[in-house]
Structure formats: C-alpha cells, structure tokens
Amino acid sequence: MPQSDDRRARGNETLDQIHGPLGREVAARLAKVAPDFADHLVDYAFGDVYSRPGLDLRARQIATIAALAALGNAEQQLKWHIRGGLNVGLSRDEIVEILMQMAIYGGFPAAVRALTAAGEVFDEIETAAAEESLQDDA
Amino acid sequence: MPQSDDRRARGNETLDQIHGPLGREVAARLAKVAPDFADHLVDYAFGDVYSRPGLDLRARQIATIAALAALGNAEQQLKWHIRGGLNVGLSRDEIVEILMQMAIYGGFPAAVRALTAAGEVFDEIETAAAEESLQDDA
Amino acid sequence: MPQSDDRRARGNETLDQIHGPLGREVAARLAKVAPDFADHLVDYAFGDVYSRPGLDLRARQIATIAALAALGNAEQQLKWHIRGGLNVGLSRDEIVEILMQMAIYGGFPAAVRALTAAGEVFDEIETAAAEESLQDDA
Amino acid sequence: MPQSDDRRARGNETLDQIHGPLGREVAARLAKVAPDFADHLVDYAFGDVYSRPGLDLRARQIATIAALAALGNAEQQLKWHIRGGLNVGLSRDEIVEILMQMAIYGGFPAAVRALTAAGEVFDEIETAAAEESLQDDA
Amino acid sequence: MPQSDDRRARGNETLDQIHGPLGREVAARLAKVAPDFADHLVDYAFGDVYSRPGLDLRARQIATIAALAALGNAEQQLKWHIRGGLNVGLSRDEIVEILMQMAIYGGFPAAVRALTAAGEVFDEIETAAAEESLQDDA
Amino acid sequence: MPQSDDRRARGNETLDQIHGPLGREVAARLAKVAPDFADHLVDYAFGDVYSRPGLDLRARQIATIAALAALGNAEQQLKWHIRGGLNVGLSRDEIVEILMQMAIYGGFPAAVRALTAAGEVFDEIETAAAEESLQDDA
C-alpha cells in the first residue's frame, strides 16, 4: 500500500498499482475536459481513500466491483475495475462469484450485463496475450 | 462453508452462519406475507449463491455491504449485513473503510447514510452487551 | 375508463377510480406546497395517461406496482398503488406474485421491502374492516 | 403455464414460451462466462418464478417491461422482454401504453429510451418478416 | 420565456429556445413510435414546466444537467441538455463545474461519464464550426 | 466565495456559508463513526468543489437540490440542502420550481417526496421563527 506523504504521489502510486498504465491514460483523457477533476480523482479517490492502510487492495476491489455491478450503469468503469481486481490478485473465478452474487442485490439484468462485461475483459486479455506470444515467436 | 446436498438445509446453515438467529426471524416475518418468497430467499440466495465454495463469507460480506451502501436505498438490509459482516470476521474498522470507499461510487449522501447506519449497529451491539453484562452481574 | 373531454375532470375521475378518497387527500396535501404541481399530477398523470383507453386499469396497476417495487425507493407511493391495485380488481395473491417477480429485476432487498409494505397494507385493511364491523355491531 | 416437477425443465419450458429460441441463446452465451449463473437464471427466474400459476405470462410481461423501463439502465434486456411480451400476447399498442406510463415513474428520459428501444424491436420484426417474405417468393 | 396561452405553442416555443432545431427532430422521431407521448413531452414538460416564469431557463438547465449527470444512465439526453445549457447562456466552464460537483452526489463514475459526454459535445460543436468555416471560405 | 489557501479552512468556511451551524453538527456526528470521512467531506466536497470560483453558490445549490430530488433516496440530505439553498439566496418559490421540474427526470413519486420534504422544511422554519418571536415578546 503506497504511503507517500503527498496526496498526489500516493494517489498516482495507488492508481498504478490497481490499474497499471490504463489508470494514467483515463486520467489524462479526463484532464482534457476537466483538469482539476482529474486531479480530484487521483488525489481524493486514490490518494485519500484507496491508499488507506485499514483494508487491502484485494478487499477494496471486491467492494468496488460489487458496487459497480449492482449499480448497473457503469459498464466501462466496471471493466476497468475487473482488470484492476485481476491486477491486485483476484482470480477470474472469484470475480465471477462476486458478480453472480450481485444478482441478489442489483437484479439479474445487472448481473447478466456485469458477467458479459467480465467475459469481454477476459477475452481481451486472452487476445492481447495471444498477439504478444505471436510477436515473441516472430 | 456449509455443503449439505439439500438447497434448503445448505441455505439455512449459511443464513445462520452469516446472520445468526436474526436471519430466521426475517425469513419468518417474510413468510407471513409470501411463504414461497421466503423459501426462494433461503434456497436461492443462501443455498445456491452464498454457500458456493469459490469465495469465502468474509469476501462475500464485503461485496454485499459495498453494494447495499452504494445503492443507498436499503438501510435495514444494510444494517443486517453489517451485523453479518461482523459475524463472519470483518472488524468495525474494515466495515467503516468499505463504507467510506462507497462515497466514490454511490456518492457522499449514500456514504453518510451508510456510516450513520453502521454507527447505529455498533451502538446497538454495545447497548446489548452492556445489558447482558448487567444481567450477569445481578 | 373515464372519458370526459376535460383533462382535469378526466384526471379526477380516474384518480377516484384507482385511489378512492385517498387520491384527493394526497393531491390536497401536495397543493399546500405546490398547487400547480398537484394539478400537473391530476391533469397529466391521471387525465392524460392513466385514463387512456389502450390499456385497462388492472394492467396499468400491474405496471405501476412493478415499477415502484423495482425502483425500491418509494415505499409510501407503493403502498398507495397496492391499495389502488386492489381497488381496480387485483387480488392480494396477484400483487404478491408481482412483487416476488420484482426480486429478479430490482434485487431481493427491494422485493423484501415491497412485500413488507404489502403486508402492512393488507393488515391496515383488516384492522379497518374489523373496526368497522365492531362499530356496526354496536 | 409449464408445470413440470423439475425446476430445470419447467424453467426451460417457460423460457421458450416467453422468449422463443432467443432465450436459450442468451443463456448459452452466459454459460460461457458463468455456467452456474446461467442455470440460476433458468431454474430460479423461469423455473421458480415466471412459471408460478398465480399470474399469467401476459401480466408477468407487463410487470417486467414496466420495471425495466422505469429502471432505465437495461436496454438490451428491455428489448428481449418487449419481444417476450409480443410472444405471450401483448399488442404493440399495449406495450407502447406501458412505456408511456413509465414516464411518470422512471422519468421522461427513461420513457424516451424505452420507446426508442420498442421502435427498434418493431422495426427489426418488420425487417425480418420482409426478408422471410422475399425468400418465400424466391 | 414564452407565454402563449396554448400549451402546445408554449411548449414548442420553449423547446426551440432550449434545444433549437434538435428538439423538434427528437420529438418527430419519438412521434413515429408514440405520437401522443411526443405531444405529452412538448405539452407537459415544455409547455407546463419549463415555460413557467418562476425560474429562468439558465437555472432550469443547471437543474436538469445536474440531475441527468447524477442519475448517470441517460447519456444521450445529457448531451442534448448540455447543448441546451449552452443555448440558454451557460458557459462551457460552468457546465464543467456542475458536472464536477455531481461526483459528490452521483459518484465519480457518473461524473466521469458526464464529463466525457460534455467533452464530446464540445468537440462536435468545434468540428461543426470548423466545417462551416471551411464552406464559407470555399 | 471563501478563498483560503488551506483546504480545511476553505471547506469549513464554505460549509458555514451554505449550511450555517447545521453543517458542523452533521460533520461532528459523522466524525464519531468515521472521523477521516468527516474530514474528506469538508476538505474535498466543500474545500475542493463547492468553494471553486467558476460557479456561484446559488447555482451550486440549484444543481444539488435538483440531483438529490431526482435520485429520490436521500430525504435528509435534500432537506439540509433546501435549507442551504435558502441560506445562499434561493427563494421558496424557486426551490419549488426546481423540485416540480424534477418530476420530468426522477419521476412523479420522487418529486412528490421532494416537495413534501420542502414543505416540512418551510414549516420547521416558520415554527422556529414563531417560537423565537414568542421568546422575544416574553
């Protein structure tokens, strides 16, 4: 868990740890429309909240994946956080379990959409790995 | 994790493990209006989903507490699941961390309501413990 | 189905048919804060929509009860419309069926709250009937 | 209304009755990501709930179409259930009436999206019928 | 603020004032599926509500942009109302401020989606202006 | 608009300006359960967002009142922000206009609840003023 004194540094370290290069890309895209909001996202969400020591990142991603699946209206962000969950140690099967459970709280249609989104993330990862392996062979 | 072959038995065991006597009380109250729905709740939610071996009950309660807090319209159920979280090993501080994080996904008003609900659950537990301790002394 | 030419008259007739005296009471209470809004409710919701001939009031109450249960944040209005459903010919069992089905779309907590609300309406009706019967005997 | 003793059989029969071949396709697609969840959907939603005798499928589709329109975040599932509504005997005009009414409960933007989705379903059906008719002529 | 006596005329004038030609196009598209609903939208939303004198259109667009951003499930309508906000005098910076503030009420993912939508509207306006300027030069 | 360099000071000044003594009370109550969250609320929501110079507090309260009314699940917070709106210069009639307009976006039941909440706030203010006037006379 990053523990820099500075909110921005701590936020960026946590963002990197959860989302890898994708996190900075999303923040950079946001910064074109609303630079201060991109800073709020890094400083508050990642620097003030996610980096707190009282809960590990695996547990935090379980919470976020569950919430986004139950809310059912944030497909893109759910996909980012499914990748984030894999990055901090959740297995695909564990993510599927979380999403199945969300049928109870957000309804079946929300769970169907969330599991479909998870299937797309898993496929994108396979495809990227296959392409990389092809390039390595070349 | 309960592993009875029978859905009803497995559901009731899981319900007891998470919610203690409160679970059966809630189910019994529901059964007065809709007996088959009370069975669906036990059989499907607890017998088919919560009892699955792929995710432990601690992780499942993180997911549920997060979802209910983010949805922001189920105060009573959130309070039941906060108690359930404590029952399966989450600490009060961990629950507070989960709820603080939900400000990012469900908004600050939802997080304020969820933390207020958690404070009420913690107080109720203190009060019940104090009363029990008084009776033990008598 | 009321078919007055005038929106206000048609709205009030439809309101009476679905909600009985309760409808006008709710509208009158609203009118104290926002008189024009109370008119919008009668003229548009009941005069323009509910009174349309293409769907009977029984089907319309099924739709409304389902929607309010799935949205899960309008307990008072759900109770009014459960009474309205009984007024236009739905049985208690049919209402319970609709609410049970909503667990699939709005999640189990929303269905639990809706069924609890239905149980309260049914009890209130029993109590009122018992009191009336006592008075008749006196 | 299918009445097999077996949940799976009863679920599949009800799924077929409401959704035709589309239902099994959706379930099969889900099964690639989460096979047990696809079973839950068939067994619980269709085997335990939709197949219950206390409410006919026409009334059940009114309830589901209303709920999905009011929730306003499940366009794909709403389109499936609009087709399902037509399959169990709702007319296009009745579906339009239900969706218009949902402006009152889910807001006008949700109703606009739902009516747009309905228009797309109706167009897809026309196009498929026109293509079939062309092939028959050939 | 349009003040025709007739609801339809007042609705259309207000629609034009906020949305320009786009408003009538959207209404015309809706009218193909549900002509009476298109009338309700014009008569009630724009003729009865938006045209009321007690709040100017700038304030009304602030309210609507905020609500649609916080609800987080109506991207297309949010984009229309961002354009509408610019039409009645909000600056791009003011719209960005409103959307940033909605992270507090609808959550960060909803604000991210709303700001992304705003960025797309601003880009579309730039592109249209650039094309027009090219044509003027030709 | 408060412009202290320090987030905490700026947050508290803005909180005072919008909510008067009530704001600090709510923050203090929260701090008993989650002291760091109470700080986030002051520092981020009020210190980073509400105090930004690009939009005045009157416009910010229009946005917040609209969002809370449309979301429809935060009665207590809506009441606080209705008082806040009055504190920064909105009239009762303007608040009623905003809430009436939200029927279009959050549905009529949400608007009915919001207007009822507004009526309660207005009554509480009258009662408090009457009591104060009685004490002044004594």
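Think of it as A, B, C, D, E and F in the order they're written, each chain with its own count starting at 1.
The rule is short, and it goes like this: contacts are C-beta pairs under 8 Å (C-beta built on N, C-alpha and C of every residue); 3 or more make two chains touch, one makes a residue touch a chain.
For reference, the UniProt names are A, B, C, D, E, F = Carboxymuconolactone decarboxylase family protein.
All values derive from a computational prediction rather than experimental measurement.
Shared contact partners of chain A and chain E, listed by label, are B, C, D, F.
Common partners of chain A and chain B, by the touch rule above, are C, D, E, F.
Seen from the C-alpha centroid of chain C, the farthest chain centroid is that of A.
For the pair chain B and chain C, the CA-based superposition corresponds to a rotation of 120 degrees in steps of 5. Because chain C and chain E carry the same sequence, their contact can be compared by residue number, and over half of the numbers here are used by both. Of the chain pairs B-C, A-B or A-E, the one whose interface repeats that of C-D, sharing more than half of its contact pairs by residue number, is A-B. In this assembly, F is the chain whose CA centroid lies farthest from the centroid of chain D.
Chain C and chain F have centres, each the mean of its CA atoms, that are 32 Å apart. Once the centre of each chain is set as its mean CA position, chain D and chain F turn out to be 42 Å apart. The set of chain D residues that touch two or more partner chains comprises 36, 40, 45, 49, 52, 68, 70-71, 73, 96, 100, 103-109.
In terms of which chains touch, the assembly is arranged so that all chains touch all other chains.
Those residues of chain B lying in contact with chain A across their complex are 45, 49-50, 52, 54-55, 59-60, 62-71, 93-94, 96-98, 100-106. Listing the residues of chain E that touch chain B in their complex gives 70, 103-109. Touching chain B in their complex are the following residues of chain C: 72-73, 96, 99-100, 103, 107-113, 115-116, 118-119, 122. Chain B meets chain C in the complex at residues 26, 29-30, 32-34, 36-37, 40-41, 45, 68, 71, 73-74, 76-77.
Touching chain C in their complex are the following residues of chain E: 36, 40, 44, 48-49, 52.
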